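These notes concern the structure reproduced below.
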Amino acid sequence: MAENGAKPIRLGMVGGGTGAFIGQVHRIASRIDGDFELVAGALSSRPDVAKESGKNLGLAGDRIYTSYEEMAKAESTRPDGIQAVSIVTPNHMHFGPTKAFLEAGIHVICDKPITSSLDDARKLADIKPANGAKFLLTHNYTGYPLIRQARELVASGALGNIRVVQAEYAQDWLTEPADEDNKQAAWRTDPARSGAGGCIGDIGTHAYNLLRFVTGLKTEAVSADLTAFVPGRQLDDNVHIMLRFEGGAKGMLWASQVAVGKENGLQLRIYGDKGGLEWSQENPNYMWFTEFGKPRQLLTRGGSISVPPAASMNVRIPAGHPEGYLEAFATLYSQFAAVIRGEGAEFESLLPTMADGIEGMQFITASVKSSQDDSKWTRFADV
Amino acid sequence: MAENGAKPIRLGMVGGGTGAFIGQVHRIASRIDGDFELVAGALSSRPDVAKESGKNLGLAGDRIYTSYEEMAKAESTRPDGIQAVSIVTPNHMHFGPTKAFLEAGIHVICDKPITSSLDDARKLADIKPANGAKFLLTHNYTGYPLIRQARELVASGALGNIRVVQAEYAQDWLTEPADEDNKQAAWRTDPARSGAGGCIGDIGTHAYNLLRFVTGLKTEAVSADLTAFVPGRQLDDNVHIMLRFEGGAKGMLWASQVAVGKENGLQLRIYGDKGGLEWSQENPNYMWFTEFGKPRQLLTRGGSISVPPAASMNVRIPAGHPEGYLEAFATLYSQFAAVIRGEGAEFESLLPTMADGIEGMQFITASVKSSQDDSKWTRFADV
Amino acid sequence: MAENGAKPIRLGMVGGGTGAFIGQVHRIASRIDGDFELVAGALSSRPDVAKESGKNLGLAGDRIYTSYEEMAKAESTRPDGIQAVSIVTPNHMHFGPTKAFLEAGIHVICDKPITSSLDDARKLADIKPANGAKFLLTHNYTGYPLIRQARELVASGALGNIRVVQAEYAQDWLTEPADEDNKQAAWRTDPARSGAGGCIGDIGTHAYNLLRFVTGLKTEAVSADLTAFVPGRQLDDNVHIMLRFEGGAKGMLWASQVAVGKENGLQLRIYGDKGGLEWSQENPNYMWFTEFGKPRQLLTRGGSISVPPAASMNVRIPAGHPEGYLEAFATLYSQFAAVIRGEGAEFESLLPTMADGIEGMQFITASVKSSQDDSKWTRFADV
Amino acid sequence: MAENGAKPIRLGMVGGGTGAFIGQVHRIASRIDGDFELVAGALSSRPDVAKESGKNLGLAGDRIYTSYEEMAKAESTRPDGIQAVSIVTPNHMHFGPTKAFLEAGIHVICDKPITSSLDDARKLADIKPANGAKFLLTHNYTGYPLIRQARELVASGALGNIRVVQAEYAQDWLTEPADEDNKQAAWRTDPARSGAGGCIGDIGTHAYNLLRFVTGLKTEAVSADLTAFVPGRQLDDNVHIMLRFEGGAKGMLWASQVAVGKENGLQLRIYGDKGGLEWSQENPNYMWFTEFGKPRQLLTRGGSISVPPAASMNVRIPAGHPEGYLEAFATLYSQFAAVIRGEGAEFESLLPTMADGIEGMQFITASVKSSQDDSKWTRFADV
């Protein structure tokens, strides 16, 4: 039950069967603020796994499905049918379910990237959702309270005109060729399931989305150098990109899955002519804010601040008691619940949309193209 | 619904009405892993607040109570009555509800410290719970994954014989006299509601419990110097304690609510003749571990380790994706759920018990007594 | 040659022969700002070592002495005799040379602690130096620029009334019994050479001096628990002390040489009713400063500041280019050079004096006594 | 006097008059280990400043010169003439003095970059030094002990094959247009004195040299995007570069003088297929070293290590006592002194040479050219 007495929204899930990583994350996120109740699922494309997984999650037998099409059809007609669905499959399996549920009038919460190709993403934008069904893309890092505050700081002019943006997301888990039975690695390094981008699609898009969310800068073009360092790997595992933004700001983006010693090193640094900001996901409750000529300040989630607090920050517990990844994820869920209930107008501009998904695919597509063209500057307008 | 298909445990709550801090924390913690469902509450001693709060939480009208006695009686007799209750009232209101629910055969989850006096704590230990009702004291910091690992590291002998323990918990929110309408501050600085300890009871006990949980050392005596710095404050807001443990180890404990710049600076440092450990709550996903003569290693929650991982660690998401305060709290809830269901034998030794609660009161009582006796070493055996 | 064109001061050294640690530190410190030139030495009590060491340092043959008495006599009578002498022997060999050189009219730079007993220290205070010879005690950590700034911040009232002081100095190099041939360890663990204090004299006094230098608080009494953890060790290797200051402030001091993982963890934390400061020697170019209710600020040596810079800070290079231990040490040397030349009036109140040395011995003596009296509060006035 | 009894080398200086920054740094560096004695100078092109500055530094009147030509001529003929000279003028004034002194048989210590143009640098390489006069380029960051250790770690294979190198050097002191009277800023933003590179020449070359020194990778080509953000500035103040190395490694380099909040943020991160290293100049006594699949280790200067210590590390004081910028600089000076004395064969491969200077100019030239060609990959072989 939500803290404000609202009835939980009935939720389904596509993907997320036993052994999946991101499915459980979505489920926890949906529960934290009490806004959702999981009641149906097509949790795996393999019927036995789907059934076992559904049973483990306590779903009623008649609401454990083995195909998402069937689920969209059945749930949209039963009176207690799901109101929203979470799509947590590999990238190439985002398009079909998203289309099916939106057309069935069921709200969609979809993991990123939105699809495995830019074309598919654009097709999604042409869909006519039934009953005003809404779409949320879980660029979950935008839910961190200090990222919300960073966005408001930039918008307030506290940094002045943005000049330089340095974004990075470095991991090391693909340093060596993955074991055959590592499901997480298998689909992420397979073009048929991931699309044309490896590391850039898996984590580069997160870094990209984050810099866009915070700065509001519009990207003009990218110059990219993508590399697959591990012998035999088909998709990039390291990404070097230079960015140019409208208005003259410049940026760099580094994403890597072969940076030994890095776990989830997502970091954003922004410098304007009046101030600078630095934030790192691994210690997300802290953010450096410097006004030119003054000492660096360490802002904390929910703590004392030198500027107005982020109005859009979802603070559950006092400063110094760390919130983490799951709470940031849950903020997207709970604010989308408010939107679904018609009570979340102030959140609509904050939640990642289909347009963000399409731009993410532009980012991947333009970067891959630039890299193939010897790092030639490639305009988003041209992909 | 719990991830493993178990039906959620029906939960009630005493205290935690609108505006309360710790009640919401308990509710979120109970939801994260899907093991509990809140269905009843005596959320405030003021009937109007109790009703409004219950309504906000979506409780059925007939399960919103205005007294815990009534609730214990009613819920223990209805077929769908609560199986467990969370007690989140000020300290002086822990004893009554704990007794009532345990005697009604309902499992109790009680916030710390267990009572407002050592006598009360000892009386609780004499209660005969009906139906094998169990008791959990929410010393929530023991739920942090790296604290579990620290405990196992110490037990494994990786640090050798422990010599020195430095514990601290520093905040600054009571630096100035509290506003009249600050409910959190009001009862914490009032002997009638907090008991004889102020800062020592509120956060000193957390630091003390944590060092006991990790090291397993038995305390022999304390030498304490407690101070109320803010003019007019009746209870201590700064705590200096030296500790002596059986076997010869020594320790220091500092707790403060007037340390400007500190939010929730709970820190534990342990040094043995072979190794050392350092952990801080504000960045709880990291822990320093040093073997003598080797470089410091930074262990991460769920990350690569030089020693066996903590078997009792509850890791929900990969290393580098920070978990926080709420997840640590939730681990206590979900492992207590397993105990309630008879599936959690391996957790029983990990979860804070009534004995821990009594020892916490000994710590407070001995420290207050020592401070009154000009810091004379005071044995736990003598209070 | 000093940067300001002053002629270098002719310097001698007692102790500091080949293999000594602190002698080389003094020599480097004396050279950094060009204010001294080493021309004579009684570098070892063993004649062969004294000669070999003197030769290695390029001293003229007739200025390599084998006894400090001889050196004091000879140098005070030659026209180009030394103007100042550095005494870098073990503690029990501070008294004699200090007395001899001061009475010979030669300025003395003496390592800490001033003597190996409080009685000796007091006797030194009765000496009548010839020719206005001055005395400097190298509590070198007071030379760090941010420590100077901390002192001025406190004096300015930026922290308000000081309430709590937490000082510590933790190392791990004596975790195990020292090898026979470890000269540094040998004398430090020998009461005949160190005096009654082990760890407390070696590093505890540094932490104590630092808190006194920065806060200006006057100590009333200490309650101490000193321990020798390593089997067979005669002097303490771990020090737990509670402090009471005049005016009501309280403190804790922890010093240890058995804290595995610590190298030179000297740390000072000060909290007043308006602000807080935190500084650590291992990253000495940074200091946290918090005004109550505002975000923490990270002050940097020579960097942007929210308050007037320390007038007494000796900044040689820009912020962000770290200065370290040797530069802090050199600041004492160069400011003492200014005092010797009659140009350093503004430094006199900053440089550690004989009175500081006596107080350091009071600190050791009172702490040892308190520890022997089961941690009874022991007043400085009573030792 | 050097610690080993060697007579100090007689040193001259070109540039470094009153108010200069880097001149004083060179002088302190030359003194720290006692290997040099400053005896002559052409400290300014303005005769009055030259004289006043020479007097302040205590130089004999007849060794205060107003032109470097005159100084080279006079000093090379007097019996007590300088053996080495430090050149600390703006970039465009490096070529002339270097040529003059080398041809006069006087060893040259020259600040970086070596010249203001690649052509000049190549011309320098054709000079025939008299009397075997040697050349040192003060890429001072290579003197940091942990950078030496990093180099040896890479060479030992501890990181495996290097894949990714991320280098950066960010400052903020040129965020706004410089005041007219800021001499440091004036020449650095003036093409006539700095050459074609602004930020890239001033600090980008340091970051570049550092990555080359540590990794030993040979650069193939760069793709650069240089920007002058401050209105009216003629030279770049922000540098974005992608790098390709022989053998397939890739890199990124960011240099900026408009990154608000950065003081001297020089950082190097290196990832191979077996391990990773991370080091930052602002806390230079620490370095992260990770072996794939094991916890991160924090190596400290002179501290416990998991690998052989750097044989070429110049450690003056124990671990935990921070050394800084000046000591790193001094290491270049003292090891060059050993080379001059014919005792430093093991240092020759470590000290930055004329070849390094030429490569630095190639880096600047290729980057500027690439940036002008819309970031086209530009080979060092083609400039």
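Just so it is clear, A, B, C and D label the chains in written order, and each chain counts residues from 1 on its own.
In this section, a residue touches a chain if its C-beta (ideal position, glycine included) is under 8 Å from a C-beta of that chain, and two chains touch if they have at least 3 such contacts.
The UniProt protein names, listed by chain, are A, B, C, D = Gfo/Idh/MocA family oxidoreductase.
Predicted model only: the values in this text are computed from it and were never measured.
Of all chains, the one whose mean C-alpha position sits at the greatest distance from that of chain C is A. Among the pairs A-C and A-D, the greater number of C-beta contacts is found at A-D.
Here the CA centre of chain A is 43 Å from the CA centre of chain D. Look at where the CA atoms of chain C average out and do the same for chain D: the two points lie 34 Å apart. If you average the Cα atoms of chain A and of chain C, the two centres end up 55 Å apart. Annotation for chain B: residues 262, 296, 300, 303 touch two or more other chains.
Residues 1-7, 21, 24-25, 27-28, 31-34, 38, 55-59, 171, 262-265, 281-285, 300, 303, 316-327 of chain C are the ones that touch chain D when the two sit in their complex. Of all the residues in chain B, the ones that touch chain C in their complex are 159, 163-164, 166, 172, 175-176, 223, 225, 227, 229, 238, 240, 242, 244, 248, 250-252, 254, 256, 258-262, 269, 271-276, 278, 288, 290-292, 296, 374-377. By the touch rule above, chain C contacts chain A in their complex via residues 289, 293-300, 303-306.
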